[in-house]
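Heads up, the next two complexes both have chain A, just with different partners, chain B and then chain C.
Up next, the complex of A and B:
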């Protein structure tokens, strides 16, 4: 049995997590409740984050940057009209998570905290250069998405810390897209790709998901590719740089070797998809 | 699931063999090893804790050395349960020591591991990654225990 506590503020939630050594924060519960029912985790207390106003909603700040409260449901992210242009990739990723039931339940903070390597948000957030706002017993701090995943299901979150929000730079008018290859619609990704074109159309940002403990992004290779997007060989060289960073699993969704082969396919197909968007626009 | 790998150390094979057959040294090198208890000459009881993300598991293992050919080969079998939980782990292990041309030792290991029960649900792919990570940590710890080659 787990005791459910429902704090009204981030400070209270952090205090409750500090007080009970085997407590776990409960966000949407889409994953955690299933894991608990399967006996994979046995928290003595579930600290329900659902009653904390600060964790809700999507807001624009004065500079146009976007702050997504950690408890924002996937369905709300998938329908958010503020996520345009370079940030559309995040909206698309949210809309491809699992199924409607899970999207109505699951939250961005919960998904990011769980850091499943095959889940959809991490590559999209890496593509958007997101920053995580977290709160814990030592106070509040920010973590770049690029420093966040530290191993398989291991993150920069310290004991007792929770994610309070995900912040994104202001969207710019440039196409972006998310694609995942999965066994069936709604499954975790076998491999996925989040990509955004630079506003001038000469370069891109791309992150590969499900091919290592965290999203794969190579900003040096992106710099090399800049100005050469119409050179297929340069694009394949870029994909090879990302594949070199990969450390894929062999599992029911695909072999490690198959995943490595998907990386260049994803890069070239998503690039042609967003190039088409540019032509239409 | 087969987990295999190898590593080299600068120390002579006889010394490496002594360390590998010393349960206290091994207990100190296995990541997450809480205790090692020698039952008799060839059997041991070992407690190990493993963490994968939010999932924590505590295993009570018995290790039986089935064959040994000093200072070349040890064949052992590990079996055990996860506390009172339903996960069962079995593993057949072979460790081989070979002399390198430069006075050091090459250690090759193969373990054929099966996991059933609640942890089996989590998928073996992630266990393999975790096992590789633990093996790397073991090698670091083992090198520390050997100290600087004489």
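Up next, the complex of A and C:
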């Protein structure tokens, strides 16, 4: 049975994690308590991050950039009016996680820390070029989302480090969208796609989820595609570049082969969805 | 025996003191220590919805919520919702439409349905199905439950 400690500051939380070797940070508990109930983890101490003001809320900085506190619940991200244009993709991804009740509990920091390959935030954050702010025994640092996932459930977080916030560049007026293919509403993704158009409409940024340990994004292939979005061959070539990066699992949600086939379909369908948004706008 | 810790909780509008094992979930504390039995333990994984309760008015999974984190927050279960007009209407329609068979899922379903009607008083059938997608029922086949929520919404709108 675990002792629950509730630090009031990031520094205290980091100190408690350093003091107790078998301690784990507790965000919403949506994954951690489920794992503990199943006997998969047995933390001696749970460091409850819910009383730390710094980890709460969504703010805009002076340049228009957005800082999402690690303890922000999915329901609040899904309702956030600051996530517009190029950042709408993140708001949409939040609204497709599980169901209302789980969205009232789960947090962005917890989801990112957990790095489930099929979870919804990582592809959306990769599409938004997010940066993670972390704090640990060695002090504070930033990690680009593109350097974050290093293997299956393996991340750039060091022992004793916590995520304090997720920061995003200022939104620009350009359409973005998130599409999730799942067996039923509320399930984890079989495959997913986060996409944002460049403001001039000539290029795009895209990340595929649930087809490898981390989100798939190919910025070189995006550069090649720029200026050729209305050429279906070029779009399929682009999708093939992403599929070449994939390392999909065979699991209950779908076979590896099925997932590979979903990648070009996701890219073409999400692209036509956001192209339509531009025409309407 | 694991060590018990004393917590003070605001449960269904009353202040209660309870001794519960360190790190216990709200579901364990309610069922084992307080004998509040409306919330059921189905999966203990957050998946089935049978343990859904309200904290500060919002539905959450009691099986994933630690009792230690409930101090200073208002916990509500079906036991404390008899006087709520929306809930009473939902309950009556559930009984009349045959939305209750064994009853294991019922309190979780009602709490999720009540939140839906608060946000969307005239939901479509599709919206009802989406809102209840996190609540599993092994008996009814769901149609009678969706019927109940839709007809309760109609009655409440009158």
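FYI, the second predicted complex is superposed on the first by the 281 of 281 C-alpha atoms of A that agree within 3 Å, B and C clash if a C-alpha of one lies under 4 Å from a C-alpha of the other, contacts with A are read in each partner's own complex, and residues count from 1 in each chain.
The rule we apply is simple: contacts are C-beta pairs under 8 Å (C-beta built on N, C-alpha and C of every residue); 3 or more make two chains touch, one makes a residue touch a chain.
Note that the coordinates shown come from a computational prediction; the quantities given were computed from them, not determined experimentally.
J.: Clash or fit: chain B against chain C, after overlaying the two structures on chain A?
T.: They fit side by side.
J.: With the two complexes superposed on chain A, say which partner A:249 touches: chain B (first), chain C (second), both, or neither.
T.: First partner only, chain B.
J.: Comparing chain B against chain C, which has contacts with more of the residues in chain A?
T.: C
J.: Between chain B and chain C, whom does A:53 touch in the aligned arrangement: first, second, both, or neither?
T.: Neither: A:53 stays clear of chain B and chain C.
J.: Given the touch rule stated above, what does A:24 touch, chain B (first), chain C (second), both, or neither?
T.: Touch partner of A:24: chain B, not chain C.
J.: Give one of first, second, both or neither to describe whether A:276 is in contact with chain B, with chain C, with both, or with none.
T.: neither
J.: Which holds for A:151: it touches chain B only (first), chain C only (second), both, or neither?
T.: Once the two structures are laid over each other on A, A:151 reaches chain B alone.
J.: Between the centres of chain B and chain C, viewed from chain A's Cα centre, what angle do you get? Round it to the nearest 10 degrees, please.
T.: With chain A as the vertex, the angle is 100 degrees.
J.: Report for A:115: first if it touches chain B alone, second if chain C alone, otherwise both or neither.
T.: After superposition on chain A, A:115 lies in contact with chain B alone.
J.: Quick check on the superposed pair: does A:38 touch chain B, chain C, both, or neither? Answer first, second, both or neither.
T.: Both partners, chain B and chain C.
J.: If you've got the overlay open, could you tell me the nearest Cα approach between chain B and chain C in whole angstrom?
T.: 11
J.: Can you list the residues of chain A that touch chain B in one structure and chain C in the other?
T.: 38
J.: Which residues of chain B touch chain A in the complex?
T.: Against chain A, chain B makes touches at 52-55, 85-86, 118-119, 121-126, 128-130, 133.
J.: State the interface residues of chain A toward chain B in the complex, per the touch definition above.
T.: Going by the criterion above, the answer is residues 24, 32, 35, 38-41, 114-115, 151-154, 213, 247, 249-252.
J.: Contact residues on chain C for chain A in the complex?
T.: 2-3, 21-25, 44-46, 49, 52, 58-61, 63-66, 68-69, 112, 115-116, 129-131, 133-134
J.: Of all residues in chain A, which touch chain C in the complex?
T.: 1-4, 6, 26, 28-30, 33-34, 37-38, 46, 48, 50, 75, 98-102, 104-105, 184-186
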